[in-house]
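You will see chain A twice below: alongside chain B first, and alongside chain C after that.
== the complex of A and B ==
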């Protein structure tokens, strides 16, 4: 435990399980948009993240950019969660997932089926269908979804054992647009690992997600596009640990009226 | 013959997907492949013929969120 903050109190023993894999860090970090590969690597280390998201893109013979990126990730020793970012149809998402499984050697897939360009909102109908196909094929699906409870139920029926509702549109940094919806989701699925994925802008957003009882937070742009990504990675790690500690500490009830925190007994000038 | 590689028109003499990768200097690269929208596993590349008009995708690990 860190004597100064106590923030790491729960970290050693308090783990989250994704498909039988125990994870200590509740921060999942994206790897895109960093100023340089060196800063990406340093930010991952500073975040303490054990899982990073990766993607697949067209490779050119001349550049071979993908090869050096993959080497960097492997050297860090983190687990990878490949995504199907940019896929708009079930067929595209399923094929991309299959290619990712071969390339990265993991059954994990962050399943994105995008339905709308302005909000990058998931096409939940395609998402459920793709999740069913992939789960049957042995994938362990992390679906990027909304806070819709009916969709969530169908994803679980399709074989998903993790749900990842959005906080706000991808890359928007708006935080938790619908705290009520996220709270309802947490209450409806107490035993399901829930990850807020997308829309987080500052560490307080991530802490709020954890205080709602979410198991983890997945973010990318908020760290990558910060002026100092390494420092921001550290800030998010602290906020997520703080939010988790707060949940375990059982927060006080909210009251409508003031209640003195300083003892009233023995107060001077009373009755004089 | 004329094919499409990663969305761009290309000319090739490669008879198989494996030969095409070698032509593109990607024989040893860590890539995943698809022909006409269907994935072709690495082990199947030498046995996968390339025909005129085929659409080939060659994907590599990349940064993602």
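== the complex of A and C ==
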């Protein structure tokens, strides 16, 4: 790892590792709200995403009735990160995670414990508790959290090896509400894979997250609800690649004084 | 006797000729009944079979009945507009009581961005202000400042419409109905006769998954409210980033509220959360709905292909009409017309025929 940038990957073999799994694409895509499963599939292909999230709480019904949609997702050949979207208690989240492990045969789970209906912000107390239970039970937990450093510490000690702070409330499209907080999180946890999850509206938001040194971006609504989701998926893939390339290229420092790119020495002769 | 090529606007009785094509339609939902009509209009001798005791009792029973191609354009492919315009014209002559009052799309002040987004995705509407909304729907006066009005759209009451169409098929077209019959594997004599059909038109919806492997179910939940405190003349869509809901007036104080859209194939089971969402939205439209009587809650499963677009597929002597998703009334008549032209004229409709490439 590069001590200067906090990057968890090296130049040349630019991959990110989530729980011993190496991933090349730094875009993680949600699968909800697309106009159709066919457009979803095309958007995933266009994005190059290798990981997609799938929600189970509502779709499972009384008897895991969402099989045909889940089979469509499995058929895409990408890694599935089941999520506990819509869960508001530790018990609901744990039960949903257990069902997800059984359905998709993966220890991965994106853990959401929602604490507030309007902002859908995480209940960080429930989140830490559920993360501890699930980690102990062999799950590899991707917690949807805030940029709070103390909560992040507790999630790590609960067994999480990835952190997913929000950019802004889910589905709001507001971008990075607290760049300072996200930057300090990056600086505090240089060795932990960090993913900005939620609130991303346009590709420049995703590029900005990558430029802060984040390892990946997870988004859903911004692509699913775009007029042309497939095109928007491509746009995000390009922005995330650009942000990542920029970090690897070691950007210049910001300065107050102008520093002209053309030497000014001998200026008196210009135009004479 | 009139020509078997009589157009759908005619109401004179059509008697099939002795050598008429014998067509068995399986499924008496909106797809099956409109197919029966289209084939009968071409002079076929049609039998409709359904495992239920009457027509329109599958997922058509729970339909909203909005004939709103331009509103649907917001999230559906342009094909749905084409099929929808044709189907709307069909319903307006095929059954009585199809009010042509348009549709209204509204949003809470904080969701106005969703209204703007909706407007960008479609056409054939006008922006309306609070005063105009009050003119259109006096009971909503003062409740909304902005909305979209789609003047050309219409709506119908699905159960009444399918009952009327069934009567018309029996009275005018000598169509035979056999209910509480499976249509494929009975052994009784009557079925034996019907099974000698020259052509089977399979309109079974999700039940056809046994042969159409790429069909899936998308669950929808709805409820019917009764209130004498509010009157609406046209369907109203309430936009919300998470929970878009529509309210369709059914007359006599009844309102149909729909519909959830959940990726599973679970029939019948209605969840508390879905009712909270539907009731919350209708309460936001008008608080009087808070005092309304809940007359009915229901749920069923829409048949859909992966692109949520309908299909005609011909395999042997069976034509499948399926995948109407949330566009049953909006697409069925247009598909039925195509199915009949496929059968009688060998016509080819690439927009809805994905696996058939004129190989028969």
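Everything below uses one rule, namely that the second predicted complex is superposed on the first by the 243 of 272 C-alpha atoms of A that agree within 3 Å, B and C clash if a C-alpha of one lies under 4 Å from a C-alpha of the other, contacts with A are read in each partner's own complex, and residues count from 1 in each chain.
The rule is short, and it goes like this: a residue touches a chain if its C-beta (ideal position, glycine included) is under 8 Å from a C-beta of that chain, and two chains touch if they have at least 3 such contacts.
Just so we're clear, the structure is a prediction, and the values are computed from it rather than from any experiment.
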item	value
Comparison of chain B and chain C by chain A residues contacted	B
Which of chain B and chain C A:249 touches, first, second, both or neither	neither
Which of chain B and chain C A:39 touches, first, second, both or neither	second
First (chain B), second (chain C), both or neither touched by A:187	neither
First (chain B), second (chain C), both or neither touched by A:227	second
Partner chain(s) touched by A:69 [first = chain B, second = chain C, both, neither]	both
Common interface positions of chain A, toward chain B and toward chain C	58-61, 65-67, 69, 171
Touching residues (chain side chain B, partner chain A) in the complex	6-7, 24-26, 29-34, 37-39, 41-42, 57-65
Contact set on chain A toward chain B in their complex	30-34, 40, 53-61, 64-67, 69-70, 73, 82-83, 85, 91, 95-96, 98-100, 102-104, 170-171, 198, 220-221
Chain A contact footprint on chain C (complex, rising order)	75-77, 117, 120-121, 215-217, 219, 241-242, 262-266, 269, 271, 273, 304-309
Chain A - residues contacting chain C, complex	35-39, 41, 58-63, 65-69, 72, 171, 225, 227
